[in-house]
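Got a structure for you, written out below as structure tokens; questions coming shortly.
To keep things simple, chains are lettered A, B, C and D as they appear, and every chain counts its residues starting from 1.
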């Protein structure tokens, strides 16, 4: 029987940290003894506990500790993080530590250093001289990078439950369909404005349904009016947005009537060809040929966008980043400063972006399919809000609220 | 090898009747020889064909013929329908003919008689003296009723494809999600008004999501303004509608804020109890205690409603018909004259009502779940329109269109 | 500001009781002060806490307390339950207490009495003389019945997390699709046998897909072999089961080939008619006409069944209880002693039965649609297990495991 | 009013070609006059018709003709195809013809030339000297390539309905869930063997659920036994397949027990790292480190595979083609000779591959989500079969059938 002491502090009961610690130990067949427990007597007062964890043997104890550290447990005895160099490019030393999406601190030379670019399933590279640490995907690891290994000297800070009611659900994937109420949309709009006020950025991740439903004009307005700081999408969104600006259709369907336009099935290829003729979307705007829509407003307003490629793409447009690893890098660059993400009707892009976000970024998922909303909300995000509705309903409503509250 | 000649006439190519005839023969391993074929040369000109059907033996030929008659084939040689008496109540003679949902004619005493109350999976009871025929469910068959048996003397008239574009899809279960466009909703509203203008009735079948989404006030307005002639629903819709009128919540949730009301989980039971105290919904209205909502407007406007029971029901309210066969009978009575049905977010009731409708009643299915819309549209209705959207979005939009067009 | 003290004891941290208490207070805008906290130091040692709850005023405090009592909080000062007579049949006194699905105790004459027939959304009727209490639906309340009102003298005991890993999820609606592993099915089979061994009953709730997938023969075998004690279903299951026994089809489709049988669309009506001719399913068995299938085995093995009606029903068969309130009563009668429920591919019946179950009955939901499994699991059941798979796959596998383990 | 004559021949009624021609004309507001109609009198005898199409003006007529040509109409007067050079790389001349997925012939120098590499939404590049034509994506068009423009000299041959029953549905997206019957799976297995016998190739497109359900061992066996000629997948399938081979888990879950393995959440990153250390999957096999699984069998058996990248990828593995356009090219290369595709539980890859297939390749879609199966089947494939079931059920059954039939 091997034992080790852990510590937990903060709002560990209602943030589900302590229940998860007990849950994990029992599920893994371990045992525990609570050595000290000081409960926060008031709503805002933190709690504290020291618990002795018991495993069958060293390996079992280590496995349990590995899980507990990810949940937020720390080991009271101060230990330095272990570091080992990467043996070659894109290759890791054995027993490397893989990250969660919660803020993480590394013990180097007797001090705690916060890892930058927090994101899950990465490794942590330490620069001893500069006393910095950063989360890095395996594809960006270079030979000799010092990688954190083992479980020592690592502190994870899971998010705490807000002390009051919030429309963003805490660690909860429950999604109720059919309730995009006025007041819910108002609270999302307020959050957008709060983020902007404190200098944060708002990211929109949008799928082609935004255009198919005719809601792209509202998103274009939101971009024009300064409510959107970054846009992530795929080739299809840009193609159909430009198709609509040039021909009034989306995938050949007249958006106003919902009926296929005559000869419309070729419009998306025509739109691609017009961009090709101009050289790029930017040039199509500059030549005055593209006069409206989401991409037009992004370019006019200098809102950065990342169009990431997929194997379904037709064309694709010149601005599309066809290498997926390059596209990930481009998205990571633009995520700096993002505090709120609106994910609009795209499963692939939402999952991909969700993987790149730290747990403290607020996310709103809008999709007509409840299963997609459940899937997206259920990814360990601390403050997620799933809205089961048509984006064609959501976008005009939120834009109206944004304008009203701002005025 | 047995053979028999059939005839087809009308717009048999573009109404998919002839393709289905060939399809059925080939799928069933039969053979055919086209004896005569006169194509309609213009859009409005009917076609005509006589085809010799070949089966392996009499049984095989009969099976094929049975299917072809349901699709609309007739046998040129004039034969009287065969009739046999029901041996006892709720019991049929062997080899009884079961109906489709298409208009059906029965050959009695050298004349064709149209069956009344057309509905699928029923039997046809003939009154020889009165020279009438009517479709009857097995539960309403009485000893001695003359039931049509076999395949002779039966003519089915499947619906024909309209000669121009219609928003109602012809024999097509294809459902595109995310496109409840303005013009689509306008066309539905126009259809409502057309039906009303020619003296037809509009039926609304509504699930409790109508209340949960806060859209019940728009449905209540539509009832008040005379756009709805009949309402079918279950106990839950009525309970939550009354709950909202009395306590401002739906299943305990404040509809305006989307948050659970304090103590709200009991509101639906409180609402039931208030109705029980008054004696009935009608009495709650008459005492002035119930002042608004769907049920209130139905009672005030004398719009007939059928509340059908289900095994999930709490209560139920006194107006709920707890015997399901009685509830079917009540619905059948109210279906007379109905030409358009709006089915709003209820799978159970929509399937049940869909089963009771002849194929020429136009149906609009509104549901947020694409799988439900597909399931509902896919029931052999000639003119169905599936709209994948939140009822909370649909109802305010259609009500606005109705008021605008009417004005 | 109004205050009141509550107590909690047991495994209140890892059973999520204390976190939910804090969560509820904060969501409702209340405040708290922890007065005493004794943590269970070991896995099996209970914890204890006394907390002062603070509300803005009496009403606010009462609302908060109402919620906390449902979660398992008790008030330390001993108070008698308040009782008021029902003013008339099916009518409740104001401020009646509505039940949860957790075991509930009522304080009568200085003693705690356990309420019988625990089920949610009912009221509690007390028999003072007999010192008994029982949960009763509003439809069964009779004038003069003494009903528990208010919040005093009520103690709810929510289930506690098992001290070890269990395949049944604790208070958790998370459903992983695509993993009906061998070992999962083995654990369900073991649970069936455990329940049987200790004298409990196993209930199967089955939808018609059990027959459409051809899996009814495995369910029939399970009934024959004594693994099923009660069966709940609807008209459709029985009709298609008998249709298959008589004609080899289910809704006209040959189950072995998956192809429509010639003339098969009438088979379900033929099957109904055969039962009608015999008088009942039982008589069809007794006359030797029905020779196999689910209903046959139930009748032969004297396994009680409840066939509950719905407004979609064709026929229905004579054994179907067409009055839904009568059907609920019949189900309640048969639920006595049931410890495990297998719900097989039926949303309507599963929800209805789920509403009738106390929180300590283990439930397994099998459905091919992940959304249905989520919906069903998410009903506050303490020990639920959702399996996303085809019943046609599940039933042969579990039957095999049952036979193997038993042998 | 402008008119033009078209011709149709073949099984144009039951293959839905003539109904679609009439449908399209009516939906587009055009008119027609049937000039000649010779019906196929027997099952195997083709029909023939000449129809005068009428449009409001030249543009309207042209739009209608454009649609009719895609359906299979030809213009009787012999006209040469119009060709125009591409103005620059990846750029098309105006009015280019975009392809359907049906076999297409181009009229060059008084002869009909079949376009190679048929696929939808591409353009046709003609090599006049070589008298060849091939379908080319816009990304592969080079300056000066002669592109087919307009509507002249193009003949499309839509597939015809088989003359007998087939398990593959003809032009039909109807998907029935819950019926992966024995005989259905046997028919798929027979088709696999038929294709192999006549020298065609079988392609498997597989998602990671194949591994999560533990069915990868059956797919690995099928590869080893020679039933699979090509494999398309993404990074995730390969990672989890290797993860299972090395650590016995899939995404950290022990496949045999369905429970998370201790420390298992890092296994997929460990698996990636092991491949990185070896250099590639191939090298991991060659060093003897990787000893089983799907990727192992592909490499051992020299079955070509394409692993296409997506923006969700971790790693990715060295064999993954991270540029999506390169990945499309690689898939196109491997599609030569493929006659049957099994698409197993992957929406993204199935849609992408579906877009690359001509209409005469048979496709089987297996997915547990009925909505996905509907979406996939509904893409104009002539012979598609949707099976709504768990791949974990499907793969063992089909492998068993394959072995049995072959033996």
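Details
Just so we're on the same page, a contact is a pair of C-beta atoms (placed from the backbone, for glycine too) under 8 Å apart; a residue touches a chain by one contact, two chains touch by 3 or more.
If you're wondering where the values come from, they're calculated on a predicted model, not measured in any experiment.
Common neighbours of chain A and chain B (chains touching each): C, D. Each step here moves to a touching chain, and the least such steps from chain B to chain D number 1. Centroid distances built from C-alpha atoms place B farthest away from chain A. As a whole-number value, the distance joining the C-alpha centres of chain B and chain C reads 33 Å. Distance between chain A and chain C, defined via averaged C-alpha coordinates, is recorded as 38 Å. Rounded to whole angstrom units, the spacing between the C-alpha centres of chain C and chain D is 46.
Across the assembly, chain A contributes 165, 369-371 as residues in contact with two or more other chains. Those residues of chain C that touch chain D in the complex are listed here as 165, 177-184, 209, 212-214, 253, 255-259, 345, 368-370, 388-393. The touching residues of chain C, when paired with chain A in their complex, are 13-14, 16, 18-19, 22-23, 25-27, 29, 31-35, 37, 39-43, 49, 161, 163-165, 173-174, 370-371, 374, 378. The touching residues of chain D, when paired with chain A in their complex, are 28, 60, 62-64, 66-67, 70, 87-88, 90-92, 96, 98, 121, 123, 137-139, 262-263, 265-266, 269, 272-273, 276-277, 308-316, 322-328, 331, 348-349, 351-352, 355, 369, 371.
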